[in-house]
Amino acid sequence: MTIRVTVWGENVHERENKIVAGVYPDGMHNCIAAALNTHDDIRATSVTLQDPEHGLTQARLAETDVLIWWGHAAHGDVEDAIVDRVCDAVWGGMGIIFLHSAHFAKPFKRLMGAPCNLTWREAGERERLWVTSRHHPIAAGLPDSFELEHEEMYGEPFGVPEPLETVFISWFQGGEVFRSGLTYKRGAGNVFYFRPGHETYPTYHDANVRRVIANGVRWAFNPEARIGDPNDAPNVPVEAAPEPITARGPRLHEDGEEGFR
Amino acid sequence: MTIRVTVWGENVHERENKIVAGVYPDGMHNCIAAALNTHDDIRATSVTLQDPEHGLTQARLAETDVLIWWGHAAHGDVEDAIVDRVCDAVWGGMGIIFLHSAHFAKPFKRLMGAPCNLTWREAGERERLWVTSRHHPIAAGLPDSFELEHEEMYGEPFGVPEPLETVFISWFQGGEVFRSGLTYKRGAGNVFYFRPGHETYPTYHDANVRRVIANGVRWAFNPEARIGDPNDAPNVPVEAAPEPITARGPRLHEDGEEGFR
Amino acid sequence: MTIRVTVWGENVHERENKIVAGVYPDGMHNCIAAALNTHDDIRATSVTLQDPEHGLTQARLAETDVLIWWGHAAHGDVEDAIVDRVCDAVWGGMGIIFLHSAHFAKPFKRLMGAPCNLTWREAGERERLWVTSRHHPIAAGLPDSFELEHEEMYGEPFGVPEPLETVFISWFQGGEVFRSGLTYKRGAGNVFYFRPGHETYPTYHDANVRRVIANGVRWAFNPEARIGDPNDAPNVPVEAAPEPITARGPRLHEDGEEGFR
Amino acid sequence: MTIRVTVWGENVHERENKIVAGVYPDGMHNCIAAALNTHDDIRATSVTLQDPEHGLTQARLAETDVLIWWGHAAHGDVEDAIVDRVCDAVWGGMGIIFLHSAHFAKPFKRLMGAPCNLTWREAGERERLWVTSRHHPIAAGLPDSFELEHEEMYGEPFGVPEPLETVFISWFQGGEVFRSGLTYKRGAGNVFYFRPGHETYPTYHDANVRRVIANGVRWAFNPEARIGDPNDAPNVPVEAAPEPITARGPRLHEDGEEGFR
């Protein structure tokens, strides 16, 4: 079975900043998609903020098994209606991976329900990621730790909810630590946050980083059919109760009526 | 130390529906607040949807240690700006308790990042709540189970994230089950969801329910000072790094600059 | 890839009790293994308490991807050395599924670190299992709930640690509830507890129960190579530290020395 | 209310090693107890491995609200019967705090159900602990990070189950990270693991470390009465079922009979 991945790229710094354009001449999203396409079981394409509906039409999401999100400079330009649509897709079973500065992306903040803040420093310092959950599928094939010689620092406290599992923790040369790989479930959808990926460094060309993202895609993928309306809150009429009961006492609602929202 | 509680009441059915007015002549919010005020360590007052700014001014939230939320018919009337303010207060350390139909309240959905849906039936059936975490402070003084003779049914699957702990699970006469007591942390704030409380039944007059809510207040309360800006994501300049480092490599940001949002 | 499953059966009541022998003429373990063998990706065999080393030799465990454990009347007859061996295999990456009365099996108690107690009643009452985590792979292909017309009751509080995820909760006719599907990770191994399966009822002939067990096998399976010594706590000599440091201050240990245990 | 703390000390290196004796002339256990006794709400005393029953008689445990455990060189000398007794007390509601090398203490391994292994290096390097859960009561009054100039390194992967919450993560000068503050619940008892405390360094004289331990005591303390038999698994006879039912189908057990173990 082939996993259909859509890589969402903000695509701002790649066009406006010479350094970033030099590292990612085809854009970060296309670099990430190309890395994924080296795997037979994954077929990745990309869309960007500048596309109509940011590239995330209902049709596109319906054909996306796992969405990958990278954004930084233009979080505020993402339309709320698209954010709602993405969250609905996740709640219905689509997997989603948030990379690096997407910790402040609207859909990540919406799915976490938390401030998602951190401390940061752009000094090209060394980062070393340690695996904290042995044999976790997202860490498959990795050593116990791996290094990125130049990265932006993100520091604790990281304002996210306690995850299902902490998969990676980063050590930074300047003295900070950070929970760099975190798993969540929201509705029927699997959510993975992965820290590395500052746009001025060649992080998405790194073999270990690419492996983590491919592993993350497989972990986040759910083969079950998307839930039609993941927000549905159906009334169960008395006569459809699993056990026979008789209605009693005062009531606000008629049988089969819609609930309040 | 006295815990300052604000009970937020939607206050719609109490005024518009004779049955509800009969059960809660002073409004549900005042019934809940009065029950809490029988405890020496708690001082509870109430506000309603109809108050200016829904009663939740910045000043009011600053003086609230734990906010209790009951809403049902008018979730959509709660202004988004107030929801943001409530979430900020929670992220800064305010405790919050959501009761019953508040599973679809805007601040609950915002804090959960999930659909928060369920199945339901209004048949006045029997509910029995079982304690699933022995000696949890929210269950202090309770037997292993207690009954509510007449309640609305809420059924699984309940579309919320996996909690820190599941404290209660309900059995319903009609054949369903429901995770009725769930704890979360969002930012620095403790969050408790407690299921019972359909407005046509005298649930908030029940001694065990009152005990759970008082216990929940004590559990959710955090004596530390509220965090000033719970969304702050400070830059750590190179010269302020805990370990001495030298900046290297290309940069997007100047020292001490604001990050993107 | 084929998943190699070993079903461990206590094999006591099947031989000593006419009712159980009638329901499971080939033993419960063989009934479970046969059900799994209808799946192309699973190859299941069985061993029993009465086999040498209870059938769980080092060689056997090395060839087992997922171990399934059913025991009830003879928990105390399982040798502690075999329990240690099973736990080591789990910690090294073997998946394990505990069924029904195995809540009191030695390896389950050892892996949980908790009393694992519950309340119980043998009255052939109706059990209805509800899915609490939509699209969880262990619930794949199941409806939101399914029934077992005759089962033993297990009731909360269930003395186990908070799980990674609660997948099923049971409703019982007599008024109790129970967390019937729970996931854990211990060391590198995935652990799944699944409640149904009292030996006097035909539970393991039920299509939904069989589906859960097959799903559970796929969920618990980890394709990575087993960790050689899952208890190893290696010293990292100063000269092998990821960052160059110089030893300083007083010391108890010589370089490369074994730590205390 | 005064919290009664018992500090359990292995008391080996303090007597046999001049360096340790110099840092802790009264023993580590007495240093820790003295620090706790500066708080009005805590009354701490100590016992050691060399005491009869290791100082942990049934009477002593019954009068202990929170037990603190430090051991290193003599884990194997702790009798299994005492370990069982300690676990029973925890399951019944006693709080317990494990310090540093107690990651390999028998009761910790028993309560975790996991290998509890790690990597280590004794080089007197710098450790910096970061708070990862803002406003957690165990971090009350602490800055976002604090340093210990000389400590033994413990590195990930740390072979413990995913905790309820990760409260601290350590950065080490030599390049490793470690989850240094972890909370669990086992049975009715709260469990806290806190990393620092190698015996050749003056860690338990550090003001921040002392604060964490005092906070941990308050967090782990449960004022409810200890559960009499935390392993009890009572039969609920048919006539005592919460809902009226009639027994049906075949049975193994007589009413009120003991279950198998």
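Labels for the chains are A, B, C and D, by order of writing; each one numbers its residues from 1.
The working rule: a contact is a pair of C-beta atoms (placed from the backbone, for glycine too) under 8 Å apart; a residue touches a chain by one contact, two chains touch by 3 or more.
Since the model is a prediction, treat every value here as computed from it, not as a measurement.
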Between B-D and A-D, which chain pair shares more contacting C-beta pairs? A-D
Compare the CA centroid of chain B with every other chain's and tell me the farthest one. C
CA centroid of chain A to CA centroid of chain B, Å: 26
Counting only Cα atoms for the centres, state how far chain A is from chain D in Å. 36
Euclidean distance of C-alpha centroids - chain B vs chain D, Å: 31
Out of chain C, which residues touch more than one other chain, so two or more? 128, 133-134, 155, 159, 162, 164-165, 171, 173, 175-176, 185, 187, 242-243
Show which residues of chain C lie in contact with chain D when the two form their complex. 13, 17, 19-20, 72-76, 87, 91, 101, 104, 110-115, 117-125, 150, 153, 155, 159, 161-162, 164, 173-176, 184-187, 199-201, 230-238, 241-243, 245-253, 259-261
Along chain B, where are the residues that touch chain D in the complex? 93, 128, 133-135, 137, 140, 145, 147, 164-165, 171, 173, 185, 187-189, 222-224, 227, 242-243
In their shared complex, chain D is touched by residues of chain A numbered 128, 130-134, 144, 155-159, 162, 164-166, 169-172, 175-177, 179
